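See structure below.
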């Protein structure tokens, strides 16, 4: 059991970070640094595969990047000028090494590696079709079907096989592929997930967010466009660009990247995430003003929206909850008595900030509500006379099927309860969510964002019930 | 090599956190929680020893509390109603398992465990005397001499032996002792380090800071007084209190606990650390005002002083540097090329906050100046037009010998350079330190604080050159 | 580096042991015991997969069975009444976790596991064909093609799919398959490798050798016949038997199982291995008599043949070389000086046995000759006046392509050197090998044994150069 | 639980192997090799400490030598020309890291390391006296009192302090001491345990048995004499020798070294162990002849005595029980059902050897009898018509207090049962033990051997009940 997750299990989770570098003699070391910068996008497993032109070297494992690459020699053995890496977060059911990425397979043209951020909505159907004609699978990841489609393509070149393949995929994908001496990046036509192209000397880099460029002091070039595929080889000095798939009228960029997922210092969807995140806080203050003495964030993710709220409302910004920075897994089976005692292992109220104050608490989202309820209770234990809860995003009523791990519809408190009921449940004196319109007013080109998790308008249709995980009936549990 | 320490090696380090609990059936689990709350006081090693009245069970190891207790069964095997624990930070030379605490030994009256926060200034002299009459030692920790003195005492009872012992010790100590069915806490007469007494149901708890009570929802009773020893047994319902040693005219409480060491939500020296820490920021603003657009903290430790600075100066508080929360050890031997690239693995400037702004950067201290120099450079890379560095403590000119790990005098930049020279070295447009007087004005009973690291007035004298580590000539390196 | 292998690298290696059990509530525990009994057939990796009817649980790893299953909980988590296991030895190039078995994949009908002992001579051709039509591969094991062929079969039932598949395979295979609630065993028509059927209460067991029955006190029923497939389910009380493939005129049972590979207490090819092994020693004494004082084995594998030699020649049997039973991997990079010193880490001469004696040394085979040379030198260092080397098998001139790991033709000393040259190289006073005819006289039905490694008459033809490892051009190295 | 010990728990265990080397640049590597050769003397823990003249480097751990030194870098970090090492076996109660050796402490003259084979009979009394005057202890090993006595000595030089100390010790000890640049060996006046001096180039080596010289190709010089202390430094070209303690009329060399403990290829007590061991078998055949078809050893330890029995009785020597060479710890909690099944995990009868035969089984000792009972049953399961059990040592009626781990008197079957009763219990058709007189006739200078475990005549007296482990009342359990 991971007791430390007490305060984290009510937050949406990104499913992956991807990174690739072509043309640098320290490719795997830079991939390691890039993955560390992208660690917030996935903490369940990590992996890097490198190529020196003929042979791939590969290492992956469960845990943080620093835990997986915990031996001095591993990076040194990942030789070559070309490397791609992946951080994964996934749902519990298929949390095992078989699903860790990059996915590496051998097909008729040699070895192939894939790093995938996103979620395909037609993976189950493709898999079933593939199995009917004799394909075999190792795990339950939707990425494995991509490898099969590439291998089944009748095209000669990897780039053409990938074009064939992308045309069959529906849903969200930002992909980095690696062949013996080729790196390819691709983004779905809706542009759900970010993917950036950068440069470091003669080398090209692909990464989910620009923070991965900063850590290596690479220069961002541009965001890969929705529906674009770029091919990087040593024979062509600049990446070749291809357009794949039918471009929809509007894009479906994930607005949760701005609300919570992306690092504030990263550019995604051509905008520094810090900027809309702060605007959400300002707009929230305008929509749900409250007479209060201080405004405090739920640390650390809501800090920026809280600064915006403070600025707009002229309510003093304070830290009322201390967050223990030493995160880690807990290895104990606590008695119920101890379990009840230990709620403050991560957060603790600071009395002289809260005592006797009317407090606004800002968080970036409410999923099940259990976390918010604990927060409100902690703030009251700290002596607050009033607790007003403000959320810098709209009510989450629908699950995401495009690459963010959210609770099921049934578990999402806002899908069945009114604002008043939620307010009562979490024990706050008042509760205010940012409106969908207000939120969209804060971003550039609002029509190009997906808001399905708030309004249920899923931009890519699916037949039957889509799933975040393939509904494979007879699973294999890897110990 | 731990590349992650790039930005941390210029900060003073507390040497230990101590915790003890008597009279709870989940004693070792609660000790574990307490140590997690006190993790900021020492990350090098951790240990817990428990007693069920006859036998001690003991586990310790190198690393964080969650790393040392990383097996489900360990805590379950640490049986008994009595347990003490320890987090250690120490200088590199003796960073090994032999010096990890609690120290456990057997003497004529049975087993004995000791957890120590502080540093004895006469440990080397006592050790030399003990060795002359035949004592043998395992490691280089000053705590080992305490165990020897207790064993050598002619008194019958442990408490009397400890009284004998404490009278021979000079320097800083907050100690928790454990016998078969007795727990004893003691604090040196100068009161250098904090030590609190609390209660959880029928159980008594001793801990360095009150945050360790919060995590277990225990109730703070009072701070152990300087020169006080408390004895907790099952035969006496309330702890028995003894006064040991000659009380000095003034106490020497460590003001660095307020500047940086203690958690802001902890009470130490009868005051919530958050309060003076914020006052330091306000006073700093009064002493060194500057016309600027924003004020940003060096995250995370300077955040509270920065809030004080912002409030007093009416300069808007902002986050201009993103701090990667995924700390960890780096296992690679990077090439120089990669090493130069990776400076931003922990901190990254946020451009839309800094660009075109006149920025005040607040940090809590400057030791060698190397870190500050990197910070200023990062802020300029983020686009700041002016960078004004402000330090919420006075210039650190002298090393500490009372339990805080600081650089040597030679390494302390302020010991030999002027403010202007330091300002030039770190590359700031201006530099201002808090004055000693200003700092002392922010705390209750200023005469009762040690300021030796700023003014060299060491409250407990020592013959010869004191050391943070015993100058044992022929050391043993444990692999 | 594994220094301990100094004396082992000149011995042929079996490539695998297989085990399966259907119908026992402690299936995975019994598989564990069975694999321990079969440990001599493969020490590189081990794995067990269990099924409770729907889901497979799976664990595998590099190392000995006791090293891979080194956690109390693993076996408990391998739930179900059905389990199969595998010990692997393989050539260095593909010694990695991806090739460890049982191989587990999911196909259209659910999960499938395969444990394989043997080597297919047409695996590369099948793989190339499969890749051409879009199959993807994880590793380089020939077993993976079997999984693909099963998945590609148009039959409905697993047993029918396997029949389809077996008809395409050429070479050596003793296979155990597992579906959700079915276990299937199969042996190639030539009968290269052994495979036994046994019973424990209501449960059926399949195992490479009968020693795996003894450890679980199961009863041997009979050897699976060459070209036979048995299907074990809960719907049929007794295994159903099928005949697959064209039966050749003569079988090709591996005579090396009798020379060295099988445990002496195991029945393989319907005969206790101990019996022919001892006969080889007797026959060797008849073919190459020598006037000597004692005869000693190269411990431990040649002991039984040596007893036969002693008995027939009436030369006293002695132990002249002590073998250190604490085998293990060596983790050091010794200097050349130390490396030269340490030749006796495994074997040491016993002086009062050897001194002044004319000694016959019996070994079971000579591959490169390097090992024999060291042995002769050790015996001389022990004081022997004469050293006569006798080999209880014929000269090894050809590599095996049917599941035994042997050196290449070039490395086999007997392929290019005369007996006299070999004798001189190893430093013996005389050298005698068992003749092919003599060897075959010791077994029942000599025409049903493969002697290709001695005479190059490969019973199953192959086009092009066969390989023990698939010649995959662009490999993936798993770290 | 270690299921593999099923067949081993009824055998006496040596308590330690010691090794030291002075004057070789690869000292720690050679110590590693020496410990591997001495692995049979202790498998519980291993350790090596090295010195380059000033600082000791030290590594120890639980497990076999290859398990403790399982990292390439450890030996490289154990720098210096001087190193001592230790293999330990000890009783369960104090089986923990604190008691692992070499023991390393610092005293007034610097660091000191001790490796000890043997058992002091007055350790508890010395410890109690030391504790009364203030000594503190880490563990429960009797070796710790030796370190204290050395530290308490008023002599200046280490050799003189050791002379002081040895005069206070009673019981069995072969000791190797290490100071900064000095190595000292010592053996108790009774000569209970062996200790050899050897030479490798300019370096001197001390080791429990000569097999440790063979592995490093060092030359044996001579056995350290009972009551002798040798001092090896760089200032004196040859070791200086001292005589310590009162020499008894007769020595008390442990005859169990010849029966079972020492390696057959080692010289101990100036005789190759192989020689008396074989004589015991011959003598046994003379004392207890039996009409039989074959004689088989309990593998592997009884093999040599069995050869002697075979030779003398002219009964053919055979291997009737196969011993699985893959030893290892078992990590499972087997159900009772499985436990009952798995008795053959280590030994298995070979049917064509045993079937229909009258079999003599030779073992080297019977402690509790449980093991012998299983052996007889296995031999009968193999088809033997008669099973005659012969033991190549006299009935074990008394525990050893001089360094061999034996069961308590109550557990020793021969202490309370007659030969007939034991024969009936183990299920044999007849049972014969070697007589004490017969045994002594096989060795040189019979009066110089201890036979206390057979006749209860303990050569070194002790007051009160001696113990193999110090009866420390309040122990510390290290997790």
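The first chain written gets the first letter, and so on, giving A, B, C and D; residue counts start at 1 in each chain.
Everything below uses one rule, namely that a residue touches a chain if its C-beta (ideal position, glycine included) is under 8 Å from a C-beta of that chain, and two chains touch if they have at least 3 such contacts.
From a predicted model like this one, the values you see are computed outputs, not experimental measurements.
Traced through touching neighbours, the fewest hops from subunit B to subunit C number 2. Centroid analysis (C-alpha atoms only) places A farthest from subunit D. Inter-chain spacing, taken between the CA centroids of subunit A and subunit C, is 48 Å.
For the pair subunit C and subunit D, the distance between C-alpha centroids works out to 36 Å. With each centre defined as the average position of its C-alpha atoms, the distance from subunit A to subunit D rounds to 60 Å.
With touch defined as above, residues shared between interfaces to two or more other chains in subunit B number as follows: 74. Viewed as a contact network, the protein chains form a single closed ring in which every chain touches exactly two others. Those chain pairs judged to touch are A-B, A-C, B-D, C-D.
If you check the complex, the residues on subunit C that touch subunit D are 26, 29-30, 32-33, 36-37, 39-40, 43, 64-67, 69-72, 74-76, 200, 211, 214-217, 263-265, 272, 274-275, 300, 303-304, 307, 311, 316-319, 322, 324-335, 337-338, 341-345, 348-353. The part of subunit A that touches subunit C in the complex is made up of residues 49, 54-59, 74, 77-78, 104-108, 110-112, 128, 131-138, 147-148, 151-153, 180, 472-479.
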